[in-house]
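Consider the two complexes below, in which chain A is the common component and chain B and chain C are the respective partners.
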Partner chain A sequence: MGLPNAFEDLSSELEVDAFRRLFPLRYFERHLAESIRTDGRPLGKARETSIFLGAVASANGSALVKIGSTTMLTAIKMEVMTPSLESPDEGCLAIDFFMPPICSPIVRPGRPAEASPVVSKQLSDTISSSKMIDLKELSLVSGKAAWMAYLDIYCLDADGALFDAALLSAVAALSHLQIPAVAMNDDGKIVLVSDEDGRKQAQEPVNKEKRKLTLRSIPFSLTCILHKNYILADPTAEEESIVETHVTIVLDTSGQLISLYKPGGPVLAYTSAIQDCVALTRQRVKELKSFLDKENPDMEV
Partner chain B sequence: MGIVEGKESIERCGGNGMVFEKIHLRMEYVSPEGLRLDGRRPMEMRQIRAEIGAVSKADGSAIFEMGNTKVIAAVYGPREVQNRSQISNHALVRCEYSMANFSTGDRMRKSKGDRRSTEISLVIRQTMEASILTHLLPRSQIDIYVQVLQADGGTRSACINAATLALADAGIPMRDLVTSCSAGYLNSTPLLDLNYVEDSAGGPDVTLGILPKLDKVTLLQMDSKLPIDILENVMQLAIEGCKAIANYIREILLENTKQLEYRRGV
Partner chain C sequence: MAGKGGATPATYSPSPTTDKQKPALFKEDWVRPDGRGFHQCRPAFFRTGAVNAASGSAYAEFGNTKVIVSVFGPRESKKAMMYSDIGRLNCNVSFTTFATPVRGQGSDHNEYSAMLHKALEGGIILESFPKTTVDVFALVLESSGSDLPVVISCASLALADAGIMMYDLVASVSVSSFSKNLVIDPVLEEENCQDGSLMITCMPSRYEITQLTVTGEWSSPKINEGMQLCLDACAKLAKIMRSCLKEAASDSKE
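And then the complex of A and B:
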C-alpha cells in the first residue's frame, strides 16, 4: 500500500484544509481566478436541486426541497376559523420559518439564528405580493367560516441560499396542498368529512369541487453574491460567510419582477450587475419550473 | 375490527368553529386472533429504518424511523464550551428535544420550551451521558439536538436511538450503544413498541433504555398502574426489543464504515 505515500497524501490534504480554514478569502479568490468555485461549479450555476412532494403524510400538503445540501421541509395544516370583519370572504395564510439547532453549528438553543426572522418576513412578503394565492379560494361560508392555512417551514440543514430553498419548498407544498372536504352539520358548524368511515354521508360536502388551490404566477428566486467584479449564483454557507454582499431576485413564471433584495454590503452594484443577476435568475426560473412541473404534472397555473 | 359493541357515549367539544364528535366505545386493542390495531402481533415491533449523515453541516447526524414516528438527530461536538463558567475536566453534554409544528395530528402551538419537551430533553441528556466517555474530552461541549418530524408514539425511544447513531457518526467515544424501546400492557397482553393510539389507551407505558452489550439499564420510565409480576414480563419484552434495535444499528454502522473505507480507497 505504501505507507510513506499515504502519509504524504495525508499531509498535503491537511495543508489544503488548513489553508482553507486559515485564509478563506485567498482560497476562494484562487479559485475565482480560474473561473471556478470551491466546489467545482462554474460561476453562474446553481447546485443540484431536488423536490419531493408529500414528505409529511399527516399534513394537508408538504414538500421536502434540497438545493445542494440546504434542506427545507414544509408542511401545511388547515384549520377552520371565522374570517375577520373587514374581509369576510377571505381565508388566511400564516407563514412561519424555523431554524432548529440541528441545521447549523451557529444556531444555539435559546438564541435563534439571525437569519430566521429575516427569511420569515421575506417569505411572507414575497408570497403575498406575488398574488400567487387568491385568499378568496380559502373561504367556505362568507362571513362565518374560512380556512386558516398554517405553512411551517423547517430548515433541516443550512448550507447557504436559505431564502431560495424556503421559497421553493413553500411553493411546492402549496402546489401539493389538498384542501380537506368539509360539510356543514345541523348546528350550522363546519365538520370534517372523513372518507374512511364507511358510513353513509349524511351531509353534503360544502367544497367538493375545490380540493386544490389554483396557483397563478408562481414566484421563484435566486440569490447571488457579489465579490469585486464576480457574480456567483447560489452560494454555499462557506461562500456566504466570506462574501458579505448578496442580492436576491424573485421572478415569476411570466418573467415579471416580484422582488429585489440587496441588504447593503461592501460591494456597490451597478445596474449592469443587477441586470446580470436578473438574467441568471431568469434561467434559474426556467429550470425550477421544469422541476416543479415534473413533480406535479396536473398542477393548474 | 377493534370496536366491540358496548356502551356508546357521544361527547361534543367545540373550538375554532369545528365540532368533533367523539364516540367512546370499549376498544379492543388485541383481537381474539392475536392481532393489534395495525395488524402486528403483540411481540412485533414496527418497521425500523435508519440513515446516517442526513445533515451535512453537523459533526454527526442520523434519521431514525419507527413505523410512522420519524426523528432527526444532529450532534455538534466536541467543540469549545460556550459558557466559561462551565468548563470542567469532563465534557459537557447538552440536549434539546423539539417537535415540529406539524408532527402531531393537530398543529401544535408551543413546540419548544413546554414542560414535556424540557422533560424529554433532560431524559435524553442523562441517558446519553451515561454512555459517553466524558472524561476523554475535557473542557469541551457536546450538543445533541433532536427534532421530531412525525410523531406516532415512542418518540422518546426513537430520539434516543437516533442520538446514538448521530453520536457514533460524530466519532464521539462511548461505552456502548444506547438503544431504547417501549412496551405496554393492554387487554391482558404485553405489547411491544406502542404506537400513538395504543399509548393513549390509558394502559401502562414502559420506556426502557439499555446498553445492550453491557446489559445495563440506563433509562426506565413507566406511567399508569402495573402489578409487579407483570412488570417483569413487560420489561423483558422491552429488553428484547432494545436488543433487536441494537443489532439493526450495528448493521447500519458497519455498512456506513464500509462506505467510508471505499471512499478513502482503503
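And then the complex of A and C:
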C-alpha cells in the first residue's frame, strides 16, 4: 500500500465522518432514500442478537443478552420474606434496571440516567401484565415464608433499543432461574438443603428439590422509530437521537398484544403504521423465541 | 446473618443448614480454596473494546472476579471546574447488586474510587490533554477477591484502548499474609480471614511504584518478601496486558 493512496483514503473517510456529525439528519435521510440504514441494515431488520445463560455464577438465574452492541446483564437472586397479609401464599418479583456510568457517555456517577426509572417501570408493568409467572409458585409456607426474587438488570453498553434488550435479558434469566431446595428449621427460618446432608436433617423440607418456574407465556418486544413514512425496527442510539418518535410493541408467544407504548414524538402514528409495527414485531417474536429455545432446550411453553 | 436486628422485615438469603466451623484456613497443611499454590496467581483474562459507547474499554476476568472499565474523553470538564494546564482524571468504581454473595453489599467500598484515582494518576501523562477531563468508570460485575488490583489493571488497559498517553501500563497485584505464609492474588474467603494485606501498583517497564498499601501486621522481612512477590507478578501481568493490546491492534488492521 503506497503512502499517497493511504492518505487519500483517510481524507475521504474524514469527510463522510464530518458530514455525519455536522448534519446527522441529512446524512440519515440520504440513506433512507436508498432504503438502507446508516449501519447497512434494511429498514425493518433488527440487529444481530445473542443470548447467553448462566453468565453470573453466584446468582440463581442469569443471562447476558446482546442486540447489536447494546448489552444487558441480568441476574436473579432469591431471598426469603414474610408474605403480606393480603396475599399470604404469594411470593414477589422485584425488577430493577440500572444504567451504570460505564454504559454510555451521557451517564455520570451520582446523576442517574433519565431513562433508567422509565425502563424499570415499563419492565415491571410488562412482566406483571403478561402473567408470565404465577407468584403463587414463589410461595414456601403459606403466611410465613415466600420467595422474593430480585431481578436486577444492568446495561453494560447502551446503543439503542434498551427496553427490548432489557426485556429479553429479563425473560431469559427467568427461564434460566433455578429455585434452590430449602427447608424450614426449628426457629422458623428457611435454610438451604445441600444434596449430601439433606437426608440426615430432621427439618421439614418446604421445597424438596431444585426446580424451575413454569413460564406461561413469554413477552417479547420490538421498538420501531417512525420518521416521515419510514418505519425502522430496532434503532441504534444514533438513530434514536435523530428521530424522536418511538413505538414499542410487546407481544407474547401466542401473538397476543401485551403493551403498546408511544411516548409522544412529532410523527403521528396512523393505524396503518401501527399495524406495520405489529407485523414487524410478530416476525421478531418468532426469531427471539427460537433464540431462547436454542439456549433452553428443555423449556416448554 | 439472617435475623440482624429488628429493622423492617427485610429479606434474607437462606444459608446452608450445616453450621460448619469456619474452615481453619491457616493450619499447617492448608490448601487454598481453589487449589492454587501460595505464590500462584489466578489465570488472567483481558479483552479490550468491551463497551462500544465508550472511547476505550476493557474487560478483565480473574477467576470469578469480573470487572468492566469504560473510559470517556478527554472531554469538557465540568463547568464549575477551575482552569487547569493539565488534564484531569476522574475515577469511579461501583458494584452490581449481585456482585457480592449477599445482595447489595458491594457499595461498602467507597474508598475504591479514590484509590483507583491515586493508582492511575502517576502513570498518565496529564499534560497531553490540558483543560479537559478523562473519566474512568469501573463496574465490578462479580466480586471474588482482589477486586481493587483487578480494577486498576483493567483500567490502565482501558486507558490504553482509549489512546490516552501513559508512561507505561499500570499493573496491580496484592498479597495476603497468614501468620507465616504469604498468599498472592487472594480470593474472597482468604481476604476475609487474612492477618494483613499488601497491594502494589506499579509500572513494570520503568520499575516505578504508583501505589503501595499495607494493612495489618507485617514484619520488615515479610514486607520485603511480599513486595518482591508482587513486583514479579506485576511484571508478568503487564506482559499479558501488553499481548492483549497487541492482539487487538493486529485484529483491527486486518
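Here is the rule we use: the second predicted complex is superposed on the first by the 288 of 301 C-alpha atoms of A that agree within 3 Å, B and C clash if a C-alpha of one lies under 4 Å from a C-alpha of the other, contacts with A are read in each partner's own complex, and residues count from 1 in each chain.
Here is the rule we use: a residue touches a chain if its C-beta (ideal position, glycine included) is under 8 Å from a C-beta of that chain, and two chains touch if they have at least 3 such contacts.
Here the structure is a predicted model, which means the values were calculated and not measured.
> Determine, for the superposed arrangement built on chain A, whether chain B and chain C clash or fit.
Once chain A is superposed (C-alpha atoms), there is a clash between chain B and chain C.
> Which holds for A:P180: it touches chain B only (first), chain C only (second), both, or neither?
The second partner, chain C, only.
> Please indicate which partner A:L53 is in contact with in the superposed arrangement: first for chain B, second for chain C, both, or neither.
neither
> Touch test for A:I242: chain B only (first), chain C only (second), both, or neither?
So A:I242 meets neither chain B nor chain C here.
> Could you say whether A:A75 touches chain B, chain C, both of them, or neither, answering first, second, both or neither?
both
> Of the two partner chains, chain B (first) and chain C (second), which one does A:L156 touch, if any: first, second, both, or neither?
In the superposed model, A:L156 contacts both chain B and chain C.
> Enumerate the residues of chain A that count as touching chain B in its complex and touching chain C in the other.
After superposing on chain A, chain A residues 56-59, 62, 69, 71, 73, 75, 77, 79-82, 96, 98, 100-105, 108-109, 150, 152, 154, 156-159, 185, 189-192, 237 contact both chain B and chain C.
> Which residues, counting only chain A, touch chain C once they are in their complex?
56-59, 62, 69, 71, 73, 75, 77-82, 96, 98, 100-105, 108-109, 148, 150, 152, 154, 156-159, 180, 182-183, 185, 189-194, 197, 201, 203, 237
> Of all residues in chain C, which touch chain A in the complex?
2-3, 9-18, 50-54, 57, 64, 68-70, 72, 75, 92, 94, 96-98, 101, 103, 135, 137-139, 141-142
> Which of the residues in chain A come into contact with chain B in the complex?
My answer: residues 56-59, 62, 69, 71, 73, 75-77, 79-82, 96, 98, 100-105, 108-109, 144-145, 150, 152, 154, 156-159, 185, 187, 189-192, 237.
> Can you list the chain B residues touching chain A in their complex?
Against chain A, the touching part of chain B is residues 14, 16-19, 21, 54-58, 61, 68, 72-74, 76, 79, 82, 94, 96, 98, 100-107, 143, 145-147, 149-150.
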